[in-house]
Structure formats: C-alpha cells, structure tokens
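In order of appearance the chains are A, B, C, D and E, and numbering begins at 1 in each one.
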Amino acid sequence: MTAILETNDLSIAFGGHKAVDKVSVKIPEKKFTSIIGPNGAGKTTFFNLLSGQLSPTSGRIFFKGKEITKLSTTERARMGIGRSFQITNIFPNLTVLENVRLAVQSQAKVRYQMLAHFKHYKQFEEKARELLKKVFLDSKEELRAVNLAHGEKRKLEMAMLLALETEVLLLDEPTAGMALEEVPAIIEVINKIKNEENRTIVLIEHKMDMIMDLSDEVLVLFHGELLAKGSPEEIVENETVQSAYLGGMYDEQLA
Amino acid sequence: MDLIMSLTINGLATGMLIFLLAAGLTLIFGLMDVLNFAHGGLFVWGAFSGVWVYTTTGSFIAGILAAIITGLILGAITEYLIIRPVYGNHVQQILITLGLMLVLGELIKVVFGPEQRSAQPPAFLEGSFMVGDIILIKYRLFIIVVGILIYSAVSFLLKRTRIGLIVRAGVMNKEMVQTLGINIRMVFMAVFMVGAAMAALSGMLMAPYSGVIYAEMGLEFAILAFIVVVIGGMGSFKGSLFAALLVGLTQAFMAYYVPVLSLAANMLLMAAVLVFRPQGLFQVKG
Amino acid sequence: MMLRRMETSTWIYLAIALALFIVPFIFTGRSVLFMIMQIFIFGIFAMSYDLLLGYTGIVSFGHAMFFGIGAYSAAIMLSNGEASIMSLLIGVLIALIFAAIISFIAGILTLRLKSHFYAMLTLALAGLFLVAAEKWTSLTGGGEGFTFMIPDLLRDSGVMYVICLLSLLVFFFGLRRFTKSPLGKVLVAIRENEDRTESLGYQVLNYKVIVSVVAGVIASFAGVLYVLTLRFIDTSVFAVDVTLDALLMTIIGGVGTLVGPLIGAGLVEFAHHWLSDLANVHWIFERWIILYGTVYILAVIFFPQGIVGTLQAKFRGRYNGLAKK
Amino acid sequence: GDGNAAGDGGDESKETIKIGMLASLTGALEAYGQQSKRGFELGLEYATDGTMEVAGKKIEVIYEDTETNPKVARQKALSLLEEENVDFLVGSSSSGDTLAVTPLAEEYETIMVVEPAVADSITGSEYNDYIFRTARNSSQDAIAAAASIADEGVKIATLAPDSAFGRDGVAAFKEAAVNLGAEIIHEEYAAATATDFTANIQKVIESDPDYLFVVWAGANSPWNQIADMKLQEQGIKITTGAPDIAALSTMSALVGMEGFTVYYHTLPDNEINDWLVEEHKKRYDGAVPDLFTPGGMSAAISIVEALKKTEGDATADKLIDTMEGMSFDTPKGEMTFRPEDHQALQSLYAITLEEKEGVDYPVPVLKRVLTPEETAPPIKNEKD
Amino acid sequence: MSSLLELKQVEAYIQQYKILHDISFEVPAGEVTVLLGRNGAGKTTTLRTIMGLNQTSAGSVLFKGEEISGEKTHTIAKKGIGYVPEDQGIFGDLTVGENMRVAMKIEDQETTDRMEWILDLFPDLKKFWQKPGGQLSGGQKQMLAIARAYINENDLLLVDEPSKGLAPIIVEKVMESIEQMKEKTTILLVEQNFMMASKIGDRFHIIDDGQTVHHGQMEDLRSDKALMKKYLGIA
C-alpha cells in the first residue's frame, strides 16, 4: 500500500494555540480515509494545511513522495489535491451548468485563451453535463445556483470537485445541515465516486454511521494531535475515542 | 531649531484639520463598512452653510453649530435615500456616493451662488503670537485643540460604550443584531449622521484656515481624506489620526526641504503604503 | 460555412456598423461629426472601463491615466517631430507600450488586494501623472497645454470619422470575442466569487493583470484618437472627471455588457450637449450636472444593470448583474 | 485645410453679423465667464447706441458655455462656426479652452477676439493671424507688477504656484523688475492646491527682501498666513495683482499692500467707464462691474469699431487689415491692437489696498495709471 | 395549558415564491416543541417569519396572545423571544467575548450567573474568549450561537438545528443544556437529528411543503414508523 499523501510532524499554531500538533499520517492511495474528532480538534485546519490554504509553522507535507509544503493552493490543486469547503462556496449568480463548466475548463490547457469563442469548446459543456448527471443535478442545469436548495448546493460542489480530476478529494462535512432524507443521496454520490472513479478520498464527518459505512481507515484528531487510527471497528471500540468524542450516545444512535 | 518647531506646529495643525476631515470618513467605513465618496460634498456643505451663518450673524460659534446641524440633516437624508439600498455592496456604494458628490457640489452653486466665499477667523482667534522666534498662529492652535477633543470623544464612544460593538456587529449580520432586540437602522442612521456632521464641521473649520471656500473643494479634499484613510488603514480611527498628522508634517517638511516633490508628497506616501503595507499603518481587521 | 455560424446579434451589429459608415455622407458638418466621433471615442474608453468594472468587478479611479498617456504620447510625437503619419504611428506605439507597462505595474502591485486598493492606487498614479504633466513644462506645455498639427490626411473630418468608427468596430468585436472566450468566462467567475475561482486552480491575479493591461491599452488608444480630433492637449486629459465620465457611461448604459457602455457614451454625450443647450430656456439647465447626477443615482439604485442590462433581464427573464460583494 | 471651411462668413448679402461668444458659464471659472458675458452685452449696446446694429446690419450674439473643458470648447466652437456661420468668435475664460479653439479660427478664417484668457502663448508661440486679444496677457501683468514697485536696488522675493502659470508669471516679472534695476533675491513656489504655506513663507522671511511679490490664482490663498506670520511687521512689504471682488474679500489681512490691478470700477476716469458702472448697477441690482466686465465690453467695442471701419464687411482679410494697429476707446481708456502680435496694449493700474467705510473688503485705491506703452509686453510670436 | 405562541394559517413569500402556505400550530409554555420536516419544507422560514425577518402575507402570529406579525424584528425580540439561526449568525470580526456582550441586554447578577453556567457548559468558549468569532471551528461557532441565545432572560427560544456539525459528545451537552433551559424558557426547536429531537421534544409538528400536516406527542411518533417514513424519510 503506497501513501499518496504523507505528513511529517505537521503543526500549526494560532497565537500560541496549537490547532494541529505534530501530526504524522500516511493517507493510502485509492482508499477511503475518514477524519473524526471533537469540534475544534483541528480537522478543518488539517485540511487547510493539506490544500495550502494555511502554511504550517513546522513539519512537512508530501504528495506522491514529493514535498509540497511550500507550494501554493493553485499549484497543489493542479498537482491533484481538490477540496470542498465546510461552508458552501459556489458562484451564486451563474447557472449550475456554468458553475461546473468553469471547473471543467480549469483543467484544460486553454486557461488563457482569449481569442476563441467558448462555444468552440463543446467538450467542456459535455463533460459538465456528464458530471451533473453523476450527482443527480442534470435537471437543474439552467437554474441560477443561488436558487438551489441547501442539499443541492452541496451536490453542485461535489460536481465541481469531480471536474477538477484531482487524485485526492478532501471533503469537509459534506452532509452538514442536511436532512436525514438527503444524506443517503450524498452517500450514494460519494460511494459512486469511490467505486467508479478510483480516487483517494478523505472525509471529515460527525455522522458516525456514515463513517462506519464508507471508511477503510479512520483517523482521530484530538486537541490537534493524532489520537488514534485504525479501521472503523477498531476506532469505535477504542475507549479513549469513546470518552473524548463519541460520548454515551453513540450506541443509542446506532440503535 | 525655531524653524523645525515652527514647521512642526504648522504641520500638526494641517494634520489635525485633515484628521477632522478623515475622521468622519473612517468612522463610517470602520463601523458601517460604507465607502462614502460623497464625504467631500458634506464637507463643502458644512463649509458653506457654516460660513453663511457665521458671516450673517457674526458669531463663529453659531457658524459651527450651523455646520454641524447641516451635517446631521444631510447625513440623515443621505443615509435614508442613498446609502440604505446599497449596504454591503462596496462597488455600488462607490458608484452611488460618487453621484451624490456631483449633485451636492453643484447644488452648492444653486443655493449659495457660484462665487468663492471668504472667511476669516473670529476676533478671538485672529492673529498670532510669538514665543521667542516661533510664530504661533492662534487659529491653528485652536484646530489642534479641537482635533484632540474630537479624537478623545470618539475614541471613548467606540471603546467604552456598547454602541461601537453593536454597529460593527450590525455590519456583519444585520438580521442577527435585530433579533437581539436592537433597532439597527436607527443606530446606522445615527452613526452616519455623526460621520456627516464631522465632515461638515471640518469644512467649517477649514474655511477660516485657508481663507476661502469654493464649491469644487469637495472632491479635492475628499481625495485627500481617502489618502489619509488608506495610509492609516481603512477603518482604523487611530490610524487616521496618525496618518493625518504624518501627511500634515510631511507636507510641511517636504515643502521646506524638497519643494520639488511636495506636490506629489501625498500620492507618493500613499503609493508607498499600498505597495509595502497595503493594509495601512494601523489596520484593525484583515 | 463561417457565415452561417455567426450569431444573429452579430448580424445586427454589422448592419448598424454599415449604417454608421453612411453618416458622413448625410451630415457633412464637422460639428456633428465631431460629436459622433466623441461618442465613438468615449465609447471605446467606456468599454475598456467596463472590462474592469463590469466583467471583472475591479473599480478603477485612475482610468484617465491611460487615456492621458495615449493623448500625450501622440500629441508630443506630432508636435516635436513633423506632423506625419510616421510620427503618429510611433506615438501610438509608445502610447500602447507605455500604457501596458503602467497598467501591468499597477495591477501587479494592488490587484491582489481588496477592491478599493486598486481604486486608490490608480487614483494616486493618475494624480502623479497629472502633476508630472503640469510640471514637465518643456515636454507637456504645462497646465496651459499646446496645440499641434496632425497629418494632412487626418485633417479631413470624413477620414477621421472613418478611422474612429473602424477603431470602434475593431475594439467592439474584439472585446466581444474576448469576453466570450474561455478567459472571459473566468473573468466573470472572478467577479462573482474570487476565492472560489482561485481554488478551482485559476491564478486570479494573472487574469486580473491581463484585464488591467488590456483595458489600459485600449483606453490609451482612445486617448490617441481624442487628441487627434481635438488637435490640442492640456492636463485635463488626466483629470478625475475623465474617469468619472467613463464610470457614468458604463453604469448608465449597463455594466457587464459591451453595448451598454457604447449606448451610455452616446447618451451621456448627447444629454450633456442637449441639456447645456437648454440653459437658455431655464437657468436650472445650467446646473445640468444635478439632473445628470440624480438620474445616475436613480440608475444605480433602481437599474443597477443599466439600460442594456435591464432590457436583457426583461427579455431573458434572468438577472445577470453585478455580484453582491 | 478642410473642404467646407471656406469663409461663408464673408457673404456680402448677409444682413446680420453673428458673433459667437465662448465663456465658462458653469464650472470653476463661472464667475469670470459671467463677468465677460455681461461686459460683452453692455459693450455692444454702448458701441451701437442701443440699436444693436452696425453699418446697417443687425448684430446677433450666441453665448456658449465651454464648461472650462477644452473638448466642449472645441465642440461649441465648431458648431458656432459651422451651424451658425458666425462672423466672429469671442472668448474664452480659460487659456486651455482658448487654445483648443484658436486653430479653428484660422481654419475657418474667422476673427477671434480673445478675452479674458491670459496665457502669453495665445498671442505668442500659438499665434495665428486671426487672433486678436483685448485681454491683457501674463507678461503685461508682470510688467505692471514690476512697474508698481521695482526700483534701483529694491530687493524682491517671489511666491507663486508651482505651475506654468506661476513660473511664467514670475519669469516675466523678473525680467521686467531687473530692467528697472531691482534684484530678485529669492523665488518660492508652492503647490497650487496647498493650504499650508509655512515652509514657503519661512524661506521668504529668511531671504529678507524689501518686497514679496505674489502671483496667485487658485481659490486657496496664502494671504491669511502671510498676515499671521507677520511679514509686514518684519519689514517685508507685500505686492500682488488685485483680483476680482470675491477674492479681494480674502485679502483683508493685506490692507496697505501696494500692487497693481487690471480693473476696479473706481479706477479709470473716463466716460465709458462711468456709463458702464451706471448701467451695470441699474441692470444688476446695484452690483458694480468686476475684474473682467470691462474686458468683455472692450471686446464688443473692438468688433463694432472694426465693422464700422469696414462698413459692415466681415471678411476676415479685410478685418485683419483694419484691426491691426486699430485703436479704440474702452472703459479702461484707449487700447491698441499691436500689429505684430495682435495684443491690445492697454492701461493697468498701480494701486494700494485700503480699508473703506461701508465696504467689507479692502479696496484698491489708485496710485498711478500704468500707461499702455509702459506695460507693453515683449513680442513673442514668430510672425515674419 | 395556555400556549405562549400561536400561528394561525400563516402564509409567507420569499421574493415572488410562496414558501409557507398554511402553517398553524401552538407552542405551549414550558415545553419543548419540535418542528420536523424534510429539507426545504419551510421550517427555517417559519422561524424567520415568527422573528419578523420574513413578512407574513396572511394569517396571524400571536405571542402571549398579542399579534406580532408585521412588527419589526427588534420589537419582537424585545418582547422576549431569542433566536439561534440556522447559519449561526456569528459576528466574525468580533471576539467571542464581544459576541456575547452585544447580545447582553442587561448586565446584572442574573446574567453573570447565566454566563458562568454557559461557560461551564462550553469550556471552549472560555478558552477562546479573545478570539474573533470567524476563526472558530464550525462546531465552536455553533456553541457560541447557542450560548448567545442563552445569555438573556427570554420567554421563548427559537433554535434552528443546534446539533448541526457538532461532535456526538457535544450534541449530548447541547441536549442537556436544553433540558436545563426548559425549566425557565419555552423552546421551539427545528432539528434534523431525530435521535436528539425525539429525546428532548415534548411534542412535534411536521411541516411539509409549507404546510403543517401532522402533530402529536413525541412518544407517539417514535413508534409510528409509517409516519416517519412518509414525512421524514426515516426507515
């Protein structure tokens, strides 16, 4: 098993507060890794470090064995690290299709093409439609994104993320605030990606049932440190994890 | 030494005047996140209405009051009609207040006539006295005092009262503040009125300082105010004071030692700040 | 084959363009042509401004700087050398290169910051150019300005008219293509949500700098045409008013559309002419700026899309305006 | 030149003489524009004895606002020349507007009477045959300024805005003053928009002159600060050109100052001026004519006088012949268009500013009339 | 038992879209009433309409027997209603402390006591007292939003999805806190986390497509699998 992403004593502090503290992990290629941990444990911050939104105070990050610690967000995105955000982040005034098309276009070599008509790039549009189908949004492509329901916006984000053709997908609470009813649809999308796309997925979630269903491996962050890692089953059994994160309710929830 | 003292005092006075001008602008931006390019218009209106009352009644104090009242009234109208529809949208704010600036400047000519008007300091502030070889111009000392007073009063308001917090919170999320039982519209209007009154007051104080007022000075001084606000850090009240004094002193000393560059001094200062410290010398937020 | 692929709107524009070529045969008076030429020139200038404001969401307060650079480059070349086509071409070349360099530097420095910083820096730079033009008297004639000769060919206002019209068409169709290119789409994305565009892997700064340079170069060309029609130059080409004019034209006509600024230019020039003529009827029209400003304010509040944008929204039933920031 | 530029204006059969006047009727210089306009109206009336006719032809005037914007000036001039077919252009309030128009006068072979723009270049480097100027030019101002104070051994410092206007003004003054034996010991230039003059005045004090000559035109002015910094108490006398009445009221700190002026309504002693003052008061609510009112009037008189001489012939060539060297009476006494550069030589006035009962600004009181010969400027055009 | 809040046939629009068609329910004093319904059913809109952030186009909203529809939001808030919005409504540039201070209507012994209680409940807030709200983690923001609503003495609290994005252990704490709050304050809760809703709710109303379609006691719902499947998509 090769690690596609690897961190080495990765740390970041915000004015003395260590949000991520000496985390060394290996994220296996083409596997599904989940990150859990209490609120404020540093999960989102860890993602921010991986994707380049933040730069670490110390430690190093490797992507396919190459060090990327000093690279910018865009450079990393182009190498193959894509992420979704905890808050929805789309182009509100553009149509659903235009949203995805922009993402598709960013992958092409025509980023600075300023003389040709975009209509000549039919392939972008086709690809975008295909992706929308994948996330079950094909009926809404002409709607302005702002008018989508919350769950649909998250699906749109997924489509845009898929368009980036990145090898690694970092998903930050893709189902937050979503009705129970909608959750399965998202899980389906994620599952589809996992099975069909052959990509590495890293997921942050608080919904334990989802974690249990999807993950190959689970990492637990606590106060910025890596508290435990292992298969979902191992993690649920882990007593420290139970007292620090799951609390007494977990069993009930599963019930 | 005398020379340096003299340049310093005069530079400080100019700086304080600029500060008074910029204070309203920075207040409105810092608290309400509104870029008010009509600031210069309020400034000229303060100057003209104040000077008009001052010259007809002969009372300087009455002139100052008139300017402040004009500022408050114009501020209320402006906030209600012009600013309210564009809260939260910088681009639109810039565009719309620029339009208001044109209208206010031109209206001055309709109401007060197109000619420039002169204004002299009141008798009790006229002239200067000499301490050793240093000439102290009374009116300038007066301005320095007023500047310090206004700075202290506003700082107190911002730091020691809940008003400052409420306004800042209101900018970030108006609805949320309302659900906390606060009438944010009134608060916003009040802040805008205070900002406008400060602009008007500085117009009135400027009049005897430069001796003349004219309708076009609005845009000119608004640009100066913006330069100061950018140098100080958008929205930082302390920054504006500091930047205004810096600009005042730079002007005074540049004019003496490197007159060639004095015309470009403000612009160069701002360009340098934008390049090396774009958040301004005293930035409060990212 | 090519022809059939063209959009209907293109046909309409081409028809209008053709009609415009006939104008000099109908109105032979120079003063009418002069006015129409000014509309073309400011139309070009406003389009370049719209590229910044309407398409990319960048506010500039110093666009006059590029206009002035173009104007002075041409004027100085023509008055110092002989008034030949050659000197004019050299002047144009200098104008474009100079504008490109300045806009590149201004862009690199401030486009990475929040919107108002670019506005302020361009304002400052334009101010510096104004000061320089006033002080460098030997080159610029200072505040009083100077008159100069233009190549004989261009002295015929019919020829000048055709040149202005051709320039307008080239820039209009060029920019239309530009905004509909893949790159143009990215610009709109930047306007709508800059952070997101960045995280899609687009290097936003590069795009903004490209736009800033393109807009600067075009504005500078408009400046060249302007002095050619005026045959006189003074520092007023660097004045804030010039930028404000572009702003008003763009807003009133419609941001984010190219026809908008053109219509805006026509309307503003025409309204200006007409309203100030009405001053003989009633003194209030001497204060036409009040009227003008009021209309403008109302436009920003009630028709933030401008004339063209509002019409488009009506027809398409779709609202496609300035993003809320 | 242009195909249709030929002098339609010279059409003999035409029954009216059309004059197009360009002035800043709005904008920064609007006060000046209004003065010229009033003066011009009164001037026509005076010169035609109220008939508004000359040599049997009616005179019609079209006033256009340049908005102090060269583009608008040119646009308006073109429409005056083409649509209205005017026989004369008059104007304008700013030198920039004027320079944008003067080449058109040549192209359309139409006489333009420049009033009140002052730039030397109008009748200097940018001169053409169709331009006549009733306004005084910057050099005349400077010479007048020098004449009112300069003398053998007088030490003078200068203060001027750092602009072409300021620097040219000082240069011309310097030449004239040195000719009169004075010595310029210091030149100081301040930003045209400055509000603080401490540094400049400080340097002037350090140079310890007898006089400080100030050239100032912007709305902001150094007068208060000059008074506050007690220059006069330190033995430095101030001198400058007295401006229009609105600006005079900013100079109350300078009572006692010696200087010069282009015009103040009590200064010239002649019948035309008496008429002007009276009519102006009658018509405008008791207001007296201001700095540029007589200029406007002079421009009107010069046109009517020229037409009288050509018996109504408005052909440019004929007019040029007639007007070169022509003398005519104006509220400021006799003026003469110098044949070489078409600049009207005219009287200026050496004055002292004095306080006067019932007037809320310092009043220019006549010291001496500076004759046209005395203030004749150097000829600067390259006319052969 | 008298009802503290009563909605009668409320209709409301967002822009031109009619979102609420017929919402009618009562909130009895001293209980926890839960609004349930699928995504986009109109739960959030209902809360916003009560708060005066949305205008009603028909129907009435009675609070303590007094009509409050049409009143300004701040007036409604002053009558004693607190609100935790769905998007948390944190003032990003203000510190945690300042966020709390803005909310505080009065500073007396009572509030000081509450403050202590809240800070014990969410120690993270105490730890990050000086930190700008915008820099908190998603869950910490949620805690702050809840804390801010608890600080004032209110008769009624409207809480929109408090458990969103919270770790299970924190969800538990929030539940505890609601149970404690219940002693003094009536609560109207919107919650997707059915486990939580069913545990602390006394009665429920189901909203579907802008209409109240069903209501009853919480105990009954838990056993009614058919109903759950029909309206909540829970198998």
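Worth a mention:
Criterion: contacts are C-beta pairs under 8 Å (C-beta built on N, C-alpha and C of every residue); 3 or more make two chains touch, one makes a residue touch a chain.
Per UniProt, the chains are A, E = ABC transporter ATP-binding protein; B, C = Branched-chain amino acid ABC transporter permease.
Everything numeric in this text was worked out from a predicted model, so none of it was measured.
Chains making contact with chain A as well as with chain B: C, E.
Farthest from chain C, judged by the mean position of CA atoms in each chain, is E. One finds 44 Å separating the Cα centroids of chain B and chain E.
A separation of 53 Å divides the Cα centre of chain C from that of chain E. Between chain B and chain D, the centres computed from C-alpha atoms are 37 Å apart. Each of residues 134-135, 287, 289 in chain C touches at least two other chains. With touch defined as above, residues shared between interfaces to two or more other chains in chain D number as follows: 26, 162, 192. Applying the touch definition to all chain combinations yields A-C, A-E, B-C, B-D, B-E, C-D.
Contact residues of chain C toward chain D in the complex are 28-31, 34-35, 38, 134-135, 137, 141-147, 155-157, 226, 230-232, 234, 236, 241, 273, 276, 279-280, 286-287, 289.
Chain B meets chain D in the complex at residues 3, 6-7, 10-11, 13-14, 17, 109, 114-118, 120-121, 127-128, 130, 135, 137, 139, 206, 208-214, 216-217, 220, 248, 251-253, 255-256, 259, 262-263.
Contacts from chain A toward chain E in the complex involve residues 14, 17, 36-45, 86, 149-151, 173, 176-182, 206, 208, 244-250, 252-253.
Taken in their complex, chain A has these residues touching chain C: 51, 73-74, 77-78, 83, 89-94, 98, 101-103, 105-108, 110-119, 121, 124, 144, 160, 164.
Per the touch definition, chain B reaches chain C in the complex via residues 35, 82, 85-86, 88-92, 94-96, 98-100, 102-103, 105-107, 109-110, 219, 223, 226-227, 230, 234, 263-264, 267-268, 270-271, 274-275, 278.
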